[in-house]
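First chain A sits with chain B, and in the next complex the same chain sits with chain C.
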Partner chain A sequence: MDVKFENVSLAYEHKNEVLHDLRFVIPKGKLTCLLGPSGCGKSTTLNLISGLLQPTAGKIFFGEQDVTKKDALARKVGMVFQNYALYPHMTVLENICFPLKMKKIDKKKRNERGENLARLVHVENELTKYPGELSGGQQQRVAIARALAKEPSILLLDEPLSNLDARLRVEMREEIRRIQKQTGVTTVFVTHDQDEAMHISDYIMVLDNGQIQQFADPNTIYDYPDNLFVASFIGNPVINKIPFSILRQDFSPIIPMTINEKAETLLIRAESIVPIRDHQEHLGVKLQGKVVSVQRYGHEMFVRLDVQGQELMVTGFKERDLLEKQQILEFTLRTNGVFIANSDKEVIWNATSV
Partner chain B sequence: MIKQKPSAKTTLIAFLYLSPMLIIIGTFYLYPIVMSFAMSFYTKYNFYTNKVSEVGLSNFVTIWTDPDFIEALKNTIIFVVGVVPLSVIIALVIAILLNKINFAAGFFKTVYFLPFVTSTVAISLIWQWIYNSQYGLLDAFLGIFGIKPIDWLNDPHWAMTALIIMTIWQGLGFNIILFLAGLSNIDKRYEQVAQIDGANTWQRFRYITIPLLSPMTFLVSVTSIISGFKVFDQIFVLFGGNPGPGKSTLTLVFYLYEKFYTEWKYGIAAAAGVVLFTLTLIITVIQVWYSKRHVHYV
Partner chain C sequence: MTKKSISKILLYFILTLGGIIMIVPFLWMIVTALKTGSETAKIPPTLIPQNPQWGNFIKAWNAAPFLRYFLNSTFVMIVTTIGQIITTILGAFAFARLEFYGKKTIFILCMATMMVPSEMLIIPNFVTLSKLGMINTYAALIVPWLASFFAVFTLRQTFMTIPDELYYAAKIDGTSDWYFLWRIIVPLSKSTIVALATLEMIGSWNSFMWPMIATNSDKMRTLPVGLSAFTTDAGTQYQLLMAASTIIVIPMIVIYVFLQKYIIAGVTRSGLKG
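Moving on, here comes the complex of A and B:
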């Protein structure tokens, strides 16, 4: 079921508005991420979807149905919390079957359903164990199975991976993706980790200060950020930000006059700074900088480059480029990942338009 | 910490540190326990010269054939069965209500806790007045519903009920505080999750709160049962030093007290003590066994 927010706002008593006039549609059967720094309103948005919170203004629709006044139960949402909140006194199977038990489905039937779900999330060998005996990843799987047990209209995941270690996190995000695809349930996933969001989602909603910054699929977000915030929040290493004035001379020939006048900040992704010999898809600029440092981590090479007093992080060079400190380096920019923002922090020019 | 291998010297030092507590426990707990066990087998014994001229099992035979002892045993069990379940349930209900309200919760907690910190003698004296058949508040209250006055403290049929009511009331505060502590230990998220999982208020109480509260319920039950078996002072004051009208509230400890202090039958008193000890032990063992299967320590 798709979720529609119409001019939804939320304010806590005696405090400023937490969410301002949100409008969006979360598409049916897809995995959508709510992404943003802490305090941006993403968990609040999730709680509004779940019905644990009621908006101060605006309307919420599940499909055609207005659910604004309905609680979590009536909305039939399934929810997975950051710390899983598995009932510690119930076995894995009892946990998964709990929503079915509350629906008074008879024991045989609900155990059968529970076992099927356990197979789906790969915990079928742990059915008689208690949550305390499971690893973090397994608890997570059980929590997902429990949320799926009542065949929710929407599955909500609140930072589900942040309690897991790095390797498990990568494994579990693949798992969540698989489970979502297998069941086709509309899923909303909250995270502050842009990398996680990029890997797992069909769509990403970037939130900051209680406002939607951009809502699109991951690659669009990456390649066509709407504003400075989105450009710098997405991507690792963080996008290089330098005053446009420094390279105005070099850019003047390739950008329209109107853009040139309003340009304030130049944004360049680290991987978009490349050697001149890579001939395809260059911007017609030839720039120079001095190598400050070169660091290699496995297959990655991080180069710090001084360009007229501004330091740039560069990952577009390879080992074979044989860089040395203090060396003067000539480079160019790819047509992907170079943006210009105006003083309102909106992206007004994207190098792909050249 | 530096790991040291225990040697004779370090062990001695450890014992020195422990000695103040060991001496107190040894003098006032262990020695009397051992001695009273021994005393229960003294059948001919001079208390003043501490001379034992005969040992045997006849003390136990005597108490088992003493109708007073059987009565005391019966009364104690009735008392425990009357007090503990009601006390636990009422305390739980009040604790849950107190946990839900924010307004004046501190005030109510204090009010409920007051009886626990008040001396039993004072409480019993007040209840004597409440139970008074002519001027008592309780009979006045029951009179509103057309119930004839009951002579709580002098009618053998009602004395035990009177005792049970007062004891429940007195112990409520402590049990409520324990339950409140247990409730505040339960993560609020479980309620929230259960709500989303479709559990209504009753189901959340039944499947989440009760099981997660079970360690506290267990603790409250155990302490209530044990203190129930030890009941004495409430009876002593409430019935003016007598074991109730027609011995209707004669309990094990009261029996023991009478044998020891008024009849000077030390061996018999000790034997009654051993029976009380054994009963408490059996019940504790049953509770431990039960808790392994039904109490969820998280």
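Moving on, here comes the complex of A and C:
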């Protein structure tokens, strides 16, 4: 079922607004991420979808149905919490079947469904164990199975991977992706980890200060950020931000006059700074900077460059591109990953337009 | 001798000392119960009764209607404990989880009652109950103890350690507050509830002052009050008093041993991370 927010606002105690006039449609059968820094309103948005919170203004629709006044149970949402919230005194099977028990489905039927779900999330060998006897990843799987047990209209996941260690996190995000594809359930996933969001989602909604910054598929968000916040929040290492005035002369020939006048900040992704002989398409600019430091982490090369007093992080160079003890490095920029923002922090120019 | 074995010896010494301090009064009670009347007054006291008087137990049991006292004590203990646990669970849930008007004020008022010494409540309670015509009934022995804010407060603290997410998860799964309380919160707080029940059982079993004041006939008396039968104007018959005390203490020891095992088994398994 798709979820539609119509001018939804939320204020606590009628004082400070947490969410301002949200309007969006989360498409049916897809996995959508709510992404943003802590305090941006993403968990609050999730709780509004779940019905655990009521908006101060606006309407929420599930499909055609107005659910604004309905509680979580009536909305038939399934939810997975950051700390899993399994019932510690019930076995894995009892946990998974709990929502069905509440729906008064008879024991034989619900156990059968519970076992099927356990197979789906790969915990079929742990059915008689208690949550405390499981690893974090297994507990998370059980929590997902429980959320799916009542065939939810929408599956909501609130930072489900934050408590797992790095390797397990990658494994579990693939699992969530697989389970979502297999069941086709509309899924909303909250995270503050842009890397996680990029890997798992069909669509990403970037939130900041209770407002939607951009809502699009991951590659669009990466390649065509709407504003400075999105450009700098997405991507690792963080995009380089320098005052446009420093490189105005170099850029003047390749950008329209109107852009030139309004340009305030130049944004360049670290991997878009490349050697001049790089075979990919690049902008007609030839720049140079002083090498500050070179560090190698496994397959990654991190070069810090000083360009007229501004430091740039560069990952577009390979080891072979760097001559030993080289002080001055000549470089150019690729046609993707270079943006110009105006004083309102909106992206007004994207190098792909050249 | 190594450092380790010295600390081990010291540890055992302290534990033994503690054990002796705990056990001597018990032993002394049993030893006295087996003495003759004159032997109890002997100086220096004898450590082992010269001529064990096993008949003291029978004599003590028959000296007063102890069967009646025993049934009274048991009945009062069971009803007050069950009643108090129910009111405690409901009260603790309200203070821990529900939102209602004046919650903070009511909570502070209840906290304030904990600062009133219990002795001060004896007279007002007596006046209230006598106006209600409840003196010398089971109601007098039970009703004043049906709610304990100390227990409510303790259990509320336990309830508050249960994360909000569990509540939300249960709501989404379709539970009512009532079901959530009895089927999820209560099982998870089992060890605290058992501990509170144990305290209340011991407190009720041992209580002396209130049953003494609130009852005036043998029919309603409880065991601790019954013990006073051995103290007369002519002096105290220590051997019989101790024999009766020994009999009275036995059920408490049984309860304690049984519940102690239960408390350990009931240590909550964790199913939450974070």
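A few remarks follow.
Methods note: the second predicted complex is superposed on the first by the 348 of 354 C-alpha atoms of A that agree within 3 Å, B and C clash if a C-alpha of one lies under 4 Å from a C-alpha of the other, contacts with A are read in each partner's own complex, and residues count from 1 in each chain.
As a convention for this text, a residue touches a chain if its C-beta (ideal position, glycine included) is under 8 Å from a C-beta of that chain, and two chains touch if they have at least 3 such contacts.
None of the values given here were measured: they were computed from a predicted structure.
With chain A as the common reference, chain B cannot sit beside chain C without a clash.
By the touch criterion defined above, A:Gly136 reaches chain C but does not reach chain B.
Within the superposed three-chain model, A:Ile276 lies out of touch with both chain B and chain C [touch as defined at top].
In the superposed model, C is the one of chain B and chain C that contacts more residues of chain A.
Once chain A of one complex is fitted onto chain A of the other, the partner contacts of A:Asn163 are limited to chain C, with no touch recorded for chain B. Of the two partner chains, both chain B and chain C are touched by A:Ala85. Looking at the shared chain after the overlay, A:Val354 reaches neither chain B nor chain C. When the shared chain is aligned, chain B and chain C each come close enough to touch A:Ala72.
Shared interface residues of chain A (contacting chain B in one complex, chain C in the other): 50, 52, 71-73, 77-79, 81, 83, 85, 87-89, 98-99, 102-103, 132, 146, 150. Residue ranges on chain A touching chain B, taken from their complex, read 50, 52, 71-73, 77-79, 81, 83, 85, 87-89, 98-99, 101-103, 132, 146, 150.
By the touch rule above, chain A contacts chain C in their complex via residues 50, 52, 71-73, 77-79, 81-89, 98-99, 102-103, 130-133, 136, 139, 146, 150, 163. Remark: chain B residues 187, 189-190, 192-200, 203, 207-208, 211-212, 214, 296, 298 touch chain A in the complex.
The residues of chain C lying in touch with chain A in their complex are 163, 165-166, 168-175, 179, 184, 187-188, 268-274.
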